[in-house]
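Can you keep this structure in mind? I'll have questions shortly.
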């Protein structure tokens, strides 16, 4: 092992390279949303599910008197982590290594996938069981494993629904949130070998079907792949927070465990978990505590996997770290609370974001990780997929100022333009008008033309593009005969200042 | 050991460069820890026990309260009345099993139980390292002789867990302070469950579908 | 008190009735109101669309125009808008710092410290909740996102409304959910914006209110534009107009074009011979 700490002079923080993984869709958010908004089943499913989880979260957050203090601590711990990230990772590496684990480093998604595939092949296994993991979704690990001849079995119920349905995940916590019980029943009946043909859509029966389907896999699997919710630098402890017990199965029964985690998941000390193990469950599933949290440190002889590999993934995180404002997005603990309260997410759904990270945090994290390549980059549209209503900030357990990050990423989107867009031209013209009272008044006079459009009705119902995007669903008030400033000057002469 | 030295150095160098380039304009102060470390109730107090019972039952697990160690066996026998077999870790107080008609399988006696073998065992009986009243959680420490290897409490479909009053604390911080992160730990809050279907909680997926707690004291 | 009114660009050009009401209300309460003539816009549209560089000169201009409040020439600046106040308070200094102008940032912070949204000025600064208003209508209140979550005005607008004589205040279901306006969001993501608007209109209509009020003319233009398009017979009226209304002034009357977007019944009441809802007939060009 090399111990040199000399920074390579040519090394710069990097974005996630394109072409591998699932951080970017193929179309802009408005184009995707236009279609998903018409999916009445999706609208119903999402409306119901997010409504349920919002109420549950509110109830268990309201009963915690020191919730704000926990949020402040969580935010500060994460801010501290980002300021010491390289050192904490080296400490984590040393702790894990001392306890018999092997630490690997991956610059990007492709490298992470190769590392995992090679590790699986080295065991001789041709299949792995998987715990739900955003990092492996981000890198497209399942596809890479399949291409390498290794079958990946998703064991989280929602991931299983997505995998069996050859679907894409649409939510961080519940990737199949866009499916309702009857759709899930149909998928199981169609895709699950040996399933009871009399399966009903009762959630308990559906969960039982998943249990029966995966039981033998768990008992025979030789290799498991997981993500991690937290990694403790000083003790080398990894943690997975889950509900169903599929995580425990994967973390306990196979001989080999491979954990892929983004570098930002490290926390300094064991005691720091006392904050996050309170913030995360209440924010994500709206429970006081999730059914199962597993922690493990390296390898324990006679108990659990006897071979443990930890893969630390950059894939754009160093680039996010270099962004003074943007690095706060790395504080995210993937609870999904911001998705569940977002009126845009609730209506457009997770697929409209293209990336595996949807919702408000995804709308900033995805472009931060990939960088924005220009006005035609689908990720350039993500920061605009918000009305800036601010509900996400209030819900965020680590106080990420998502509205501010959305504005900052909008700026990054604007700065990526290779040629001036119509919006650029309009904004420049508006700036010119708004920095001179004379020009501003002239522009206001121009608005007076609108009075002719309104006629006697007092409203305008149709305007040419791009204002037609407003009038397609909303009337426009006819501009008044007299502006406020003219009224004031007329009625209170000499008192303007 | 570490593998892939080239990537290691490059990732660390990138992160150092990123950390410096994106340093906040104002250096952050120390982490404020003004949240409650201790609960409203003293560890082991009547209030803590009552809260634990309420919160565990909220997860649709059962709680049987017994006055002393001598009453554990009777409670366990009643809870295991339908179990033909029960697995136990090697350090479990055997007196707890005295009233039970189920066949007792002890991990490690003579050899370590396999997952396949445990799949044919109806229930598992363990102690617990600590319990958190506010969240209805108990923690299993795999290094503790009465809690045992992690698979023991995972594969059988029915878990009976005996918690002593002195091990009941109010809050998560109090619990973590009592635990050794070097040991494999499992935090259990109710039976296995999922919220993956329409975000409604349904009990019983891959872990034990039935969870019974015996609270002593 | 000597109070400078920040009309906001929208309030000046499109919704002057809210500005007029603000001025008249404050004068009725005995304050000296000035209208700084150089004012244009706070720059929020530029900031929130990502044009932070274009926003810098707009912020500089706004800070210059309202700078006298930092020097004590006026006691306060008031805007009949939560979002414009929020922009001044939470974004102006950010834009200045990002543009490398620390002097401007400090000056902007000084201006922001004395810039208030109307309900804040009334309740926090002037210490009044009963402004002596009379408004005999069934009203529901939509808390706009920026007044709610950027400024945290909380109950203040409701305290003011509860003290209005004749006013029947009805609670809006899911009040804290965004109406879908969001500035350029309404244009750039028109489909999603419309979907949000539909739910807000459903909530408003479920109250049986004849008037939906709020502290932002922008959101009201959006909600009112939808309510008007569907000929729901529900009007949108700015909070300032309700508070400015008295028995004597009767403003705004039930027949006034409150935000310029009238509901269908008022046309019939005006005896308008054009009964058709066909937009082509309403735009006689």
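Read from first to last, the chains carry the letters A, B and C; within each, the first residue is number 1.
To be clear about the criterion, a contact is a pair of C-beta atoms (placed from the backbone, for glycine too) under 8 Å apart; a residue touches a chain by one contact, two chains touch by 3 or more.
Not measured: the values here are computed from a predicted model.
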Review point. If each chain is a node and each touching pair an edge, is that a line, ring, star, complete or other?
Key: line
Point to revise | Chain whose Cα centroid lies nearest the overall Cα centroid | key: A
Review point. Any idea how many Å lie between the Cα centroids of chain A and chain B?
Key: 29
Study note, to complete from the structure: The distance between the C-alpha centres of chain B and chain C, rounded to whole Å, is 54
Review point. Which integer distance in Å separates the CA centroid of chain A from that of chain C?
Key: 33
Revision key, fill the gap. Chain C touches at least 2 other chains through residues none
**Study point:** Per-residue overlap in chain A, given as positions that touch at least 2 other chains
**Key:** none
Point to revise | Of all residues in chain B, the ones touching two or more other chains | key: 25
Revision key, fill the gap. The chain A residues in contact with chain C across the complex are 29-30, 33-34, 37, 343-344, 347-348, 383-391, 393-394, 404, 407, 409-414, 423, 427-428, 430-431, 433-437, 440, 444, 447, 452-462, 466-467, 469-470, 472-480, 482-485, 487-489, 492, 495-497
Revision key, fill the gap. Given the complex, residues on chain C that touch chain A span 7, 9, 11-17, 19-20, 23, 34-41, 43, 45-52, 54-55, 57-58, 60-61, 91, 94, 98, 145-146, 148-150, 176-178, 180-197, 199, 221-222, 224-226, 228-229, 257, 259-262, 267, 272, 274, 279, 282-285
Study note, to complete from the structure: Listed in rising order, chain B residues that touch chain A in their complex are 1-5, 7-19, 21-25, 28-37, 55, 58-59, 112, 115-116, 119, 132, 134-137, 142-143, 149-151, 154-155, 172-173, 176-177, 181-208
Check your understanding: In the complex of these two chains, what residues of chain A are touching chain B?
Key -> 1-2, 4-5, 7-8, 11-14, 45, 48-50, 52-53, 56, 65-66, 69-70, 72-73, 76-77, 79-80, 82-86, 89-90, 93, 97, 99, 102-107, 111, 115, 155-158, 161, 174, 176-177, 180-181, 184, 203-204, 206-208, 210-211, 214-215, 218-219, 232, 235, 237, 243-246, 248-249, 251-253, 263, 270-271, 273-275, 277-278, 281, 285, 287-297, 300, 302-304, 312, 314, 317-324, 326-327
